[in-house]
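Shared between the two complexes below is chain A, which pairs with chain B and chain C, respectively.
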Partner chain A sequence: MTLLEVRDLRAGYGKVDVLFGVSLTASKGELIGIVGPNGAGKSTLFGAIVGTVGLRSGSVFLDGEDISGKRPEDIVRRGLSLVPEGRQIFSGLSVIENLTLGLTGRRDKHGEKGALDRVHDLFPVLTTHRDHQAGMLSGGQQQQLAIARALVADPRVLLLDEPSLGLSPTVVKDVFDRLIAIAQSGTAVVIVEQRAHLVTRLAEQTHVLRAGKVQATLTKEDAADEAKLTAAYFGNSGE
Partner chain B sequence: MTTRLRLQELLGPILIVIAFSYVVGLQSAQGLLIVQSTLALFVMVLALHVFVGNSGVLSFGHGAFAMFGAFASGIVTTPSNIKENSLQLQNLYPFLVDLNLGMYPSLLLAIAAGALVAGLSGLLLMRLNGLAAGIATFALLGVAYNIFFYNNRIGPGSQALLALPPFQFLEEPVVLTVLVMLVVYLFGISRAGRTLRATREDPLAAPALGISITRVRWIAFTLSGAIAGLGGAMFAHVAGTVQVQDYYLPYTFMTLSMLIIGGSASLWGATVGTLLVTGIGQILLMMEQQKPILGIVVHIPNGTRAIVIALSLVVMLLWRSEGVTQGREFKIGMPKLRK
Partner chain C sequence: MIQAILDAVSLGGVYALAALGLGLVFGVMRLVNFAHAELITVASYTLVMTHQFPLVVSMVLSVVVASLMALLMELLAYRRLRGSNPATMLIVSFGVSVLLQKIYELVFGALPRSASVATGLTGTFTVGGVSITTASVVTIVLAVVILLAMGYLIERTKLGLQLRAAASDFQTARLLGVRSNRLIASAFVISGALAAVVAFVNVVGNPQVDPRFGLDITILALVGIVVGGMNSLRGSALGGFIVGAVLSLLNVILGNGRVYAYSWMFVIVIVILLVRPGGILSKFATKERV
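Entry: the complex of A and B
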């Protein structure tokens, strides 16, 4: 069951085009990776999907509904959440206040307590630090908070932009284990990562984005082949 | 623990405001007047705190809501016989001549007027950010000023509206102020208040959570407009008179200074700023008027008070931009027991 479908997306900033016809899909319970070098357009792609970057053309469908050009807050309320690069938690607010803000995007207001309980189960450290200022948490804890904050909105599709940024390898493994669990619970998870190996070994499919285009789509088996991955990542010439 | 600390954040400022009111207000008639006008200004500062402090968007336009509140309350509490016979009110709409309300219903009208003007103007203004928002709210103040200054169908125009019933007891403005503090505090800890502070902290991250920045700002702007309407009306009933000039630039500058000097982000900051600026202002005013302070007469030139407050604002913005309280709420540290 396809939850997210991006069709021939073109987007950019001002007069500068960044994406040149990107297409991809993500189904229920699927974990999809998007990798590529700096400036490939990965974050722009997420921005275009969630409505913070203007579309030139193309469409985004969420569970069959065209959400292209809708406002970010309306897109979140329809069930698509983004964990932005650098986490962007509200450091001056407490952990529970951050989580409560995440509830703003829920479609079902009755399930708020259940949603908070679920993320506390998934990230027990957030219970321990419930009333602590979010800015005082460690990097890994802040990342968990950012993911939890997106999850309480009960998204059908969860986008994560560079979730490993600034985290130690142990913490990264912990975070990615939780992401697998989230996907297994039925959410479509799409992860943008510059460190390709982190996501290629977990994702059912990994799209290699370069110069604003999907240059290759690799299965888990394809991505295990270092030569194939390197060729897709840097281009056939290996430049 | 959390509940106690939160109550402390509310009760601390309330007790200090009550203490100030009774200590100064019961000294003399002059003291009573100082307290009543300070509380009226404080309500306006609280209005600014609700919007400016929580959203981080500067507003120069709240004087407009105070104007609407003051004139709404003033017109309906001025006795009909005065409205009929007053030269400056001879062009008043007839229904306004006949309309008479008591002070408290008129304060509700002032709240409604402030909320209505803020709500309607906010539909457009809340789409703006940063400098554009500040300038647009300043334009709103200019529009309101010119409406009241030149239109003598709804008020006395450039003249003063006289014979408003003044507050009879010290308790009246004190109770109103405490009620406003409670409303402001409850808004601050509500989901809307938290959401607004989140948009102040990171306006880019907020929409990614499904937060409509325009909507939460509009809610706060309307609430703060209602409070400013009340503050304006209270100011009118302290003096027993309303004049449009009273709510223009000096009023805007004074109340914004109080908020910024104290710390715009907290109820405690608004309280400290108002009391501090009032206290310093009164001492300097006495010096300007060559009145003795503790038996000593110090003379300073007229206008020194305004200059000192303006310079304090500059100093604060340069070296302590979050105000005296650094945006913190009132909190008494628990004494540690020795082992």
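Entry: the complex of A and C
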């Protein structure tokens, strides 16, 4: 069942175009990767999907409903959450206040308690640091908070922009294990990663974005093939 | 002596409320709403024009009118400016301020309108041989109650949490589902209601309302939020309090030299800002830029 469908998306800032027709889909329970060099337009793509970057053309469907051009606060209510680049937790607020803000985007207000319990099970560190100021958490803990804050809205589609940024390898493994579990529980998970190998091994499909276009799409099997990945990443020459 | 302290605390309290109203709107929009003055003014006119009504009715009306006016400002003038640079927004708010002053002049005339409002509060009473004005005590009680209520709203409620989150990062707050239009409108409505409280206290003290009635207090409250720290509501309120209290004390201390009260107050303000450029409660050390 396709939960997220992006069709021929063009977007940019002011007069500058950044995306030149990007298409992708993500289904229930699926994990999709997006990799590509700095400035490829990965964050812009996420921004265009969640409504913070203006669309030039193309459309975004969430579970069949056209959400193109809707406002971010309305999109999250329909079940699409973004864990933004650089986490963007509210460092001056406590951990529980950050999570409570995440509840704002829920459609179903009855399940709030259950949603909080679930993320506390998934990320126990957030329970022990419940009343601490979020800015005092370590980088890995902050990343967990950022993911948890998106999860309490019970998204059907979860977008994560470079969740591994600044984390040590063991913490990265930890975070990715949780993301796999989240996908298996039925959420469509789309991950942007600078470090391609982190996601290519896990994702059903990994799209290589370069200069605002999907240059190649790799399956898990393709990704094992180092040469293929490199070729996709750097263009046809393969270097 | 005791009266001087009470006066200082009560004026400080009033300025704290005015600064809080400005700080709320600044927090969510990065807008220094100069036209806050005209919210105070319209609430004051409302009190004067309805002085024949029971006091409570008159007060409620002034809160409603000021809140509606704040809402209209947001809808008609500021909504389009969201995300513009702060200088643009400040200039527009000057424009709104002047425009409203002219409208008040057309409607109410340039000369002061006066009527005794809440005459019960103009007297004095004696405690242990010291004569105290009722107005100062009532003002202090009112300011404390409202400040506590605001503290509760901001620290303990969902709306308050959203206001704090939006003040630090509105874009991320929206990503989490915070409805921007609704939240900004709420901030304006609350700032309008606070303006009405400030108006009430001021009208009791000086029932001569003219089109520029709210200007002085707004300018001083702006000084207050800079002194206290624009990025924190607590700082704004504290700064407002300091400015009001210092001004009131200076008036007493300087005696005949009180024409220089403003000058001395600004000397104090400048010294505070030299020591703490981001304001007293600024959370972030100001980065070296030169």
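Keep this in mind: the second predicted complex is superposed on the first by the 237 of 239 C-alpha atoms of A that agree within 3 Å, B and C clash if a C-alpha of one lies under 4 Å from a C-alpha of the other, contacts with A are read in each partner's own complex, and residues count from 1 in each chain.
The working rule: a residue touches a chain if its C-beta (ideal position, glycine included) is under 8 Å from a C-beta of that chain, and two chains touch if they have at least 3 such contacts.
It should be emphasised that the depicted structure is a prediction, and the values quoted were computed from it without experimental measurement.
*Asks:* Would chain B and chain C fit next to each other on chain A once aligned, or clash?
*Replies:* Pair status: clash.
*Asks:* Pick one for A:Gly102: touches chain B only (first), chain C only (second), both, or neither.
*Replies:* After superposing on A, A:Gly102 lies in contact with both chain B and chain C.
*Asks:* For A:Asp131, using the defined touch cut-off, is the partner it touches chain B, chain C, both, or neither? Pick first, second, both or neither.
*Replies:* After superposition on chain A, A:Asp131 lies in contact with chain B alone.
*Asks:* Touching A:Asp121, do we find chain B (first), chain C (second), both, or neither?
*Replies:* Neither partner.
*Asks:* Between chain B and chain C, whom does A:Gln88 touch in the aligned arrangement: first, second, both, or neither?
*Replies:* both
*Asks:* Regarding the shared-chain residue A:Pro72, is it in contact with chain B (first), chain C (second), both, or neither?
*Replies:* both
*Asks:* By the touch definition at the top of the document, which applies to A:Asp177: first (chain B), second (chain C), both, or neither?
*Replies:* neither
*Asks:* With the two structures laid over each other on chain A, which partner does A:Asp8 touch: chain B (first), chain C (second), both, or neither?
*Replies:* After superposing on A, A:Asp8 lies clear of both chain B and chain C.
*Asks:* Just which bits of chain A does chain B share with chain C as contact spots?
*Replies:* 50, 52, 71-73, 76-77, 81-82, 84, 88, 90-93, 97, 100-102, 104-106, 149-150, 153
*Asks:* Name, in rising order, each residue of chain B that touches chain A in their complex.
*Replies:* 2, 191, 194-195, 197-198, 201-202, 204-212
*Asks:* Would you pull the chain A residues touching chain B in the complex into a rising list?
*Replies:* 50-52, 71-73, 76-77, 81-82, 84, 88-93, 97, 100-102, 104-106, 131, 149-150, 153
*Asks:* Considering the complex alone, what residue numbers of chain C touch chain A?
*Replies:* Residue positions touching the partner: 158, 161-162, 164-165, 168-169, 171-180, 283.
*Asks:* Please output the residues of chain A touching chain C within their complex, sorted ascending.
*Replies:* Listed in rising order, the residues of chain A that touch chain C are 50, 52, 71-73, 76-77, 81-82, 84, 88, 90-93, 97, 100-102, 104-106, 149-150, 153.
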